[in-house]
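Listed below are the structures to be examined.
Paired with chain B in one complex and with chain C in the other, chain A is shared by the two complexes that follow.
And now, the complex of A and B:
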């Protein structure tokens, strides 16, 4: 047994007061959970302390919360580990070394109803429904069950593992800046259907997710959702898969996200190193292969970015040749030959080495899995099998 | 100075030789002062910044395997000075290290160039300057080198996403304190750590061409929070964060609708100041957000 102080951000709407902090002393084994600590405080000190929970075993997804600023499940975070993190954070900030309070807050990016209970409906579930989270199969449903190759489903079992706890939504840094972002949970759910061989609306789904300015190209690639997820769903990885598939479909999105990706790949193919000015130009007005073709948005964005280019020029931070697209130095010729041969090979193969499927140790779950990655997305073929 | 000399295969990245040349310059100067020998990988290619991997993973993995192989040819471990290079390269290294058949497949492509990446060869590692400074150089040794303690300078750390997440990819199992190294370094240099909300958040740079408002709102919010917390400057091991926090700062100020004006230093610049280098030698006059305040602070604090 050990003693801990938990500092809870409380909010009691019926009181008419704003949120406030309250500390509780609890006494429990370090291997027990933060949720156990909260339930002890509720039992011993204040029955009005509100927290949602059910299974206490990381299955139901009810007890999402922020612990020392990190989003996760109360039941899956040991209180001893939470104490270590609180102490580490305090020592980094120079405010103390041990016995610091464990800070517990409701999840972020959603309204708080009471204490640690957030409104999952207005953000999380609304966004989940936004992505049409059900199967849209081809034609009439079969008389019995759908038959698919097991291997073709392995890839999407990662996103199927989602328990809808909202921890990734809580941690999302894009949503913090743009509340309209569809977000990690809903996009991971979207991949679950885009990757499903039984679904017939793959292309429509990809168009929908790429053409929404708050869709897949609004993710800022911060990895927060990957670390927050208690079930290893890695939502950001699923968003990157959606981008890859949308790119393969040739979808031109209003954010020019795909154009930026293609521009980046081309600039490195041409020079081996990044030429920032060329990247900006290529993202807005692709011209490396063929004539410059600026879009209307490209012109507006280029004008907006002019001050950003001019200030460093004035400060002599950046030389003129670096600010003019294409004049920046690249790799020497022999190295460029190496880079080109890598491109030639990789574009032929373009194999996704999926660590989720293959595992850290590198043993294949099944030798057929590799075929599964390059599975047929044609539902007719899949059904026929 | 301790006897053991540190010598590394040095990958400066693209941006330190592009839009943040003061980073490359200050790193060279600071390495000399610390006695770290840099063998520059001048034939290595861009890490892909996660964008190439988004397009074609195998392409990104092969490009970075080439860089690792070039580093291994020198017989040295690798050092980078960019959080994004660290994250993008660690991602590829994780896949390459996971499977010998995949590694062999990638090495087949490199064999035509006389190159090969070998997992764990001579204890091969790839570390950001921040990690190297704390884990290999050592904070005690760093403290001994300080000739101008940053007394009274209030510094806000800004890590960059790619060097703090995802933890299982970035060696946090063996080095759990990697997400508080900036604080440790600031303290070792005599400065004061400023706690503020944005230190481990996203600067917004990856979406600056795709969603400028979202991107600059992130940068502006973090700079504003640091100012509100009383910071004299920020310090970052990531030149891409520097682009959004410094070069875009006047634009970010418009988006968040408030005055900003906070110096953002590259990690080697902050170390360099404490080692006695002059702000101008460290390229601090080239930043968009003026570094005058930092210089005045230090001039006032100088003994």
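And now, the complex of A and C:
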């Protein structure tokens, strides 16, 4: 047992007052959850403290909230860990190193109804319905099951693992800037259909999601949703998969993201260092063909990028050599061998990252354990072996 | 007054399936749920769903396993229907988009499960319930014109017309506190089980036996209420579930001495014996001092290849890590039997019809009975879907041939009065709702659990009766309209106390040991006297007991060994 102070951002809609903070003292085992702490406060002190919850085990998705500013599930965050984080944050801010309150707020990017309860219908669910969230197969269903690649089912099971808790939506920086952004949860849901070989409207779905100005290209790649997701769905990865599939479908990326990625890989492979001038050229007019017969878009984008090159030149932050494509120096030859080996490794391990296949980072399957070779738990002797 | 031909209460798997089946028949459907549908507890079904779909398997084999698992208390006509219709239902789900595991040929693949003589459990990693429920919810969104969804509406009473037929329900919009009387030609109760009556439990906080109590209060019979399943592998303290799929994948159960103790209790099926058998074995090891000091035994998943664990048992890797601080791929995890499932419930026929015309029930709320004294793993999802579908169809057929009855507003006024009474209680005038709930849960887990005896059950019953009295003066803090969860908890407490009383009365009545009911004072199964269901009907003096026959078609009761 330990004592904690939880500081809850409250809002009682019928009081006529605005939101306010209230602290509750709770005492429970550090391994219990922030939700357990809230429920204790509710049971003992104030039954009007409102929080949605049901399963207590991170499967129903009810208790999305912000804990010390981070979006997640109340039931999945241990109160002891939340305390450590609160202390760490306070210590970094220079406001004392222990005994700080654990700060609990309703999720972001959604209207608050009461205390920690947000209006998910008007934001989250409306966006989910936006992506036509049901399977659209063509023709009659087969007599038995659809026969599909086993991996394809495992692949979309990562998206199916989504419990619609809204933590990713709460943390989404793009949605903060553009409330109309379809958003991480709905786009992850969309991938569940785009990646499903039984769905017959893949192309229509991709065009729909790509051509919507608030669609897949509205994501700024900030990783917040991946951090927030309590189920390892990695919504941003699903958005990137959608973009890749859109690229394969011949859909033009308004951000030139895919072309940029390809150019980046190519430039580094060639030089080991980033030749930014070359990067621009390769992104919009790749290869000899691109230079001889640049597309209209390639030309306009290159011209548009000129001021970005000229400004640092004028201020002498960049030397002329660096501003002309191809003149930037590369790495020495022996270092280039190291770069080469990275590329070779990446090629040999060219697999999609998926929880259901490989586990999370840091718990990748240990081949020795797999083979039954004993593993010493003592780090000293382990190294000797 | 909102009206629907068919009104479904509860939006887990049974409710959603019932709503979809009714809508297919072309009637207007409303589905009411006290939480958003995807928060429903069907989510928690991890392991899979049974069906004899493989060539070489047969529905008869599935039926026999189910009946043997039920300790011969399951009604065999109902079991036959469920197991015969299972393969078609799996294919239907697959066609709707459920991402079932595939074998190397890309066809549906199976895993082994407890009490089954063949590997016939279809699954999506260990999120099967969630995966199926989210796909059904996709269908609800797709058919939103035919099916009106009332998400976060709480039901507090059924409406019965002057002919004694069910004609609607009183419900409260949780978001604004407004109360409405909904009219319907058929009402289907799919509100799940009553696990919250026990503490700890694997069940979600919403599993408070609402439908069972609502049906009981309007005079519908309950059946097999003594049959409460304790799941063999739950985390001590919190009661979180570790799927039976872990044992299906080959995990071992070990006592503190490192012995694989199931050898003694079920030498053939070992860890994959029926749940009641495994739970009793564990509890015996713990009671006789061969458990760990924290009152547990160990589940060793490290014997399952790691790659397989990540692919098929992903969720419990997270449960172990987040809720027990254990990496299940590297070390055994401590577990014990914990409250898990309500085999009994509202007595229905194979089309979900209760004793009250117009009132149906399906899923864990109902007792058809397919599970009898003990439910097999991966049969619960199947039960929800098959009988959800059948109830939906029959409820629609009834709606087509009847007109809306006259619904008296009195039931709404009564409920408004009940709410006003609750709100008017002075702070400190009685006990807190949460205190009563805690005492109820601990009492039931202590006295009406894996092993029971007359003295213990009697004591529990007395406590429940006292708590019922105390609940009448228990007070709430929240007097508002918007999301008044305090008020809802008070009404739920009433539901739970009715459920508890019925379980105690039935457990006291059944003087034998069968399935989940193990009486240390009557340790043998006694077919001569007790091969029958215990039915309960509400009176002002408590539940009145009667009996009904167990339907036997082709499987005569035998001695049950695994």
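FYI, the second predicted complex is superposed on the first by the 248 of 385 C-alpha atoms of A that agree within 3 Å, B and C clash if a C-alpha of one lies under 4 Å from a C-alpha of the other, contacts with A are read in each partner's own complex, and residues count from 1 in each chain.
As a convention for this text, contacts are C-beta pairs under 8 Å (C-beta built on N, C-alpha and C of every residue); 3 or more make two chains touch, one makes a residue touch a chain.
Remember, predicted model here, so these are calculated numbers, not experimental data.
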Partner chain in contact with A:255 - chain B first, chain C second, else both or neither: first
Partner chain in contact with A:88 - chain B first, chain C second, else both or neither: first
First, second, both or neither for A:173, with chain B first and chain C second: first
Chain B versus chain C as contact partner of A:349, first or second or both or neither: first
Touched partner set for A:145, first chain B, second chain C, both or neither: second
Which of chain B and chain C A:331 touches, first, second, both or neither: first
Footprint overlap on chain A, comparing chain B with chain C: 355, 358-359
Residue ranges of chain C touching chain A (in the complex, touch as defined): 35-36, 38-41, 43-44, 91, 94-97, 99-109, 124-125, 127, 130-131, 134-135, 138-139, 141-142, 151, 175, 204-206, 238, 240-241, 305-307, 310-311, 314-315, 317-319, 322-323, 325, 327, 329-330, 432-435, 476-478, 480-486, 489
Residue ranges of chain A touching chain C (in the complex, touch as defined): 12-14, 31, 42-44, 46-48, 50-62, 76, 78, 113-114, 117, 120-121, 128-129, 133-135, 137, 141-142, 144-150, 153-154, 156-157, 160-164, 192-193, 196, 198-199, 231-232, 355-359, 363, 365-366, 369-370
For the chain B and chain A complex, residues of the former touching the latter: 14-15, 17-22, 42-43, 45-46, 48-59, 61-63, 66, 87, 94-95, 98-102, 109-110, 112-113, 115, 161-162, 165-167, 176-177, 180, 183-184, 187, 192-193, 195, 201-202, 204, 206-207, 209-215, 217-218, 221, 247-248, 250-251, 283, 285-288
In the complex, chain A residues that touch chain B: 88-89, 91-95, 173-174, 176-178, 181, 213, 217-224, 226-227, 234, 240, 243-244, 247, 255-257, 260-262, 264-265, 268, 272-276, 280, 283-284, 301, 304, 307-308, 311-312, 315-318, 322, 328-329, 331-332, 334-335, 338-339, 341-343, 345-347, 349-353, 355, 358-362
